[in-house]
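Read through the structure below, which is laid out as structure tokens, and then see the notes.
Per-chain numbering from 1; labels A, B and C assigned in written order.
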Amino acid sequence: MELLVSDAQFDSGSRWLLFHAVAVFAFLYLPIAVLILYSFNGEGVGGFPPHHLTLDWYRLLFADAPIWDSVLNSLQVAFAAMVISLTFGVPAALALERAQFPGKALFRRLVLLPLILPGIITGLSLLMLFNVTGTELSLMTIILGHGTALISVATTEVFAGLQKLDRAQEEASLDLGANYWQTFWRITVPNLKLPIIGAALLIFTLSMDEIAVSFFLIGRDNTLPLEIWGRLRRGITPEINAVSTIIFLFSLIAIVFWYRLRMRSERTTDAGAEIVAVVEGDPA
Amino acid sequence: MFSRAYKAAVTLPPLIWVTAFLLMPYLLMFCYSFWSVSAAQTIEHSWNLSNYGQLLRVDVYWQTLLRSMWIAARVTIFSLLLGYPLAYFLSFYAGRKKDLLYQLVIIPLWVSYLVRAYAWKTILGSDGVLNTLLQYVRLTKHPLEFLLYSPFAVVLTLTHIYTPFAFLPIYAALEHIPRNLVEASHDLGATPGQTFWKVIFPLSIPGVVAGATFAFVLSLGDFLAPLLLGGPSGIMISNIVVSLFGAAYNWPLGAAISFCMLLLVVSLLFFSERLEKKWSFS
Amino acid sequence: MTTTSEISMSLAGDGLSRATLLSIRNVAKRFGKNVVLRDISLEVAEGEFLTILGESGSGKTTLLRIIAGFETASAGEVWMGEERLDREPPYRRRVNTVFQHYALFPHLTVEQNVAYGLRVAKRPEAEVISRVSEALEKVKMSAHAKSKPSKISGGQQQRVALARALVNRPRLLLLDEPLSALDANLRRQMQVELKSLQREVGISFIFVTHDQEEAMVMSDRIALLRSGELEQVATPREIYGRPATAYAAQFIGHTNLLKAEVRAGVVRCGTLTWSAALPDGPALFSLRPENLRLVDGSGPTAGNALVRGKVRHRAFHGATELIRVECADGLVLVVRTPGSGGLLDDVELEFSPADAILVRESPERI
């Protein structure tokens, strides 16, 4: 491939592109770096250069009961939302790929809309529903909001996985005497393991971070982002940097976990293909 | 090969759920937009168009909407200007580092929206990191006040947040371009520049449209960045909706604005879908 | 070619005399406006090796999928003995399939793949184990029992797919171009193995292929499908020796198609004439290249048709040579000769009128 030049052979155009790429990465990562750096700053969130590096803000954070309550709430919400989204999102993907029914196009658009719709519209419309039905706002209403909005994530991920799935796999299972239910659990789900785990991780992380929908559906108990939001309105201290740094670390762990999972599965299939090629004497 | 029972079993539960928790709420929002609030602060279920009339009559509503669209448009343009060359670089020049760099663009997406908006607040404030740095190196004597609580801060923060969103579909579109097309173009005598404008860019347009739609729609509806960083001049349409549902207590008017936004978003999606189809040849 | 002839000969009358296992009655299939199969009726005998032969798009895979239960016929019925099959879901049919690309479950080992059908049927574990190892033994795959499908070669995957289907003791095995992914040598080897396996287990096979040579080598009978209709159903020997249509004659082996006119018992095709007891009118004949003979020093045989021509092209095929001879009136004939070389440019050809087979025209269909 002519265009895949090595670093030594960059022409002027690609040098400009490289410079641009470095600048964009700096733009994307600098705020995060600043955030982490100032979580160790003894003198508050601003001020250059940082002074008196300290772990005090973390100590303060670990003793901060309302934050930890909100973390627990967020974990509950994220877990429940994940269960709801997968319970309805996986069948929705199957329905979109395999069934024909009147209103299918509308159904598809409706399911996927929250993916791109600003959270405020989803949040407010649900607020009106709960208001009309007399449902008291609580963590439960947030769970319903997240669960519903994030069905879109489960459906897109699983739908993409289904399109890669060889239909003959399921046919072979039916052919061998397994009914639809057995086929679903023994063949369909194991083959979609990766998209389902990916969707679950993504839903969990998105729900942990979600604020626009929660903003309108919140009852007495805060989620973590809303707790942080409340504090931001009251004035900022590096304690918020500290909690943000910890959130960042956990997001990073989730990504690395997901990435390794995917790499492992891809590598094994690649290795398999290589071995087949060797055995069959295929030059490719 | 799938029986009727199978299809019903996978279709009905999500269909019922989505009807109850997405379709019904949207319809309810539509209904609300025709109701009104009485003097005693109760919702009156009388049907009229007065809310929509008010939207057209009162300047602040449509002016704010226009300003929101202008902010969203700037965010979109900057996200594309940052995202496209980056995607092009990764797809065509990054070689074996491609996957790693791709992951590096994705990582900020997993970092909390609130955390990133907050980070910009600590950077842009009058005694924030940037101002104190500038004074420290003696470039300025006094803090630059326009940095925070301005449309600039909102555009900057939203650009930071939505650049990866713009990047993703563009990168996917570039990755799908068969490399032998590029070789064929060179073979036929086109320079790298000509090849880019005549072959690569046209084939990446669906990705650009998708990326632009993401950036525009999501920043248009944002209300947290303006609240946190916008100040009075950075107010966006969603902030008005928030106040109508809060202190101002006029849900029906808020519902009317929300419904207009919903219509705007849906028609934009429709439009961009048409555009993507027109420019995809596979 | 000797083995082929022997097999087809020994089974020629045999396959048809057995009891009917599967009966396909007036099956049709449409996808929207697109008609894929029309009015297919076909019977498969117990223990028979039937091949459905056709080009891609002829509907052969659709017919197989209707039998397996993955597609529903738009019209018609499928019966197995006294049981109506086409209304049962795939998993209640005593029919198993070997898929084109095997469709082995990638997340299960070879052993687990083979055990799948028995496990979902909740057979006792001891029985599962013994039947699986027996089946793997039969296809010589015991050594790879613990491997994942991605770790074994294409030929081995093929055997596992076969074991996975046969272990359930189906009454009928469907094979959808199972050899198409293998390279030529392995393919020929698997043809022989598959055929002897079928004789050993005694199960009826319906084998789908687009490869006419493969069909000839393996089948008791061939059902030739073209554009969704059956062109001819017969033993390989019969379909080769007495093709019913121009399409059948051309699709299976090489042939010369002679467009002729019959008048008063004399067939006339350009300068070529021979006698045949046929009614007057236009007629189409198939004449195999090996039935044409170069007239040598000993002169033509009495009663044979004769024609002169020039050799235009010759292609070496090992034991034989195919030469194209252009006759005076522009008619081009393909002739199979023992590869001798050193032929003159001008040749005289003869054939016995009995070898010119009257065939139906195959009208264009979409």
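The rule we apply is simple: a residue touches a chain if its C-beta (ideal position, glycine included) is under 8 Å from a C-beta of that chain, and two chains touch if they have at least 3 such contacts.
Values in this document were obtained by computation on a predicted structure and should not be read as measured data.
Trainee: Taking CA centroids for every chain, report which one is farthest away from subunit B.
Mentor: It is C whose centre lies farthest from that of subunit B.
Trainee: What chain lies closest to the overall centre, CA atoms only?
Mentor: A
Trainee: Hey, which pair has more contacts between C-betas, A-B or B-C?
Mentor: Between the chain pairs A-B and B-C, A-B carries more contacts.
Trainee: Could you give the separation in Å between the centres of subunit A and subunit C, each centre being the mean of its C-alpha atoms?
Mentor: Averaging C-alpha atoms per chain gives centres 53 Å apart.
Trainee: Just give me the whole-number Å value for how far the CA centre of subunit A lies from that of subunit B.
Mentor: The mean C-alpha positions of subunit A and subunit B differ by 17 Å.
Trainee: So how far apart, in whole Å, are subunit B and subunit C when each is placed at the average of its C-alpha atoms?
Mentor: Taking the mean C-alpha position of each chain, the two centres sit 60 Å apart.
Trainee: Quick one: which residues in subunit B touch 2 or more of the other chains?
Mentor: 1, 3, in rising order.
Trainee: Residues of subunit C that contact two or more other chains, please.
Mentor: 69-70, 89-90
Trainee: Give the residues of subunit A touching no fewer than two other chains, as numbers and ranges.
Mentor: Counting only residues that touch two or more other chains, subunit A contributes 171, 174, 180.
Trainee: Per the contact definition, I'd like the list of subunit C residues that touch subunit A in the complex.
Mentor: On the subunit C side, the touching residues are 68-70, 89-92, 95-97, 99-101, 103-107, 116-117, 120-121, 148, 150-156, 164-165, 168, 183, 186.
Trainee: Can you check the complex and tell me which residues of subunit B touch subunit A?
Mentor: Residue positions touching the partner: 1-3, 5-7, 9-11, 13-15, 17-18, 21-26, 28-29, 32, 82-83, 85-86, 88-90, 92-93, 95, 101, 103-108, 110-116, 118-123, 125, 127-129, 131-133, 135-136, 160, 163-164, 179, 182-183, 186, 192-193, 213-214, 217-218, 220-224, 228, 238, 241-242, 245, 251, 254-255, 258, 261-262, 265-266, 269.
Trainee: What residues of subunit A sit close enough to touch subunit B in their complex?
Mentor: Contacts found on subunit A: 1-6, 10-11, 13-14, 17-18, 20-21, 24-25, 27-29, 31-32, 34-35, 38, 45-49, 87-89, 91-92, 94-95, 98-101, 107, 110-111, 113-114, 116-122, 124-129, 132, 144, 148, 151, 167, 170-171, 174, 180, 205, 208-209, 211-212, 215-216, 225, 228-229, 232, 236, 240-241, 244, 247-248, 251-252, 254-255, 259.
Trainee: If you look only at subunit C, which of its residues touch subunit B in the complex?
Mentor: 65, 69-71, 89-90
Trainee: Name, in rising order, each residue of subunit A that touches subunit C in their complex.
Mentor: Residues 166, 168-169, 171-180, 182-183, 186-187, 190-191, 193, 268-269, 271-273, 275-276, 279-281 of subunit A touch subunit C in their complex.
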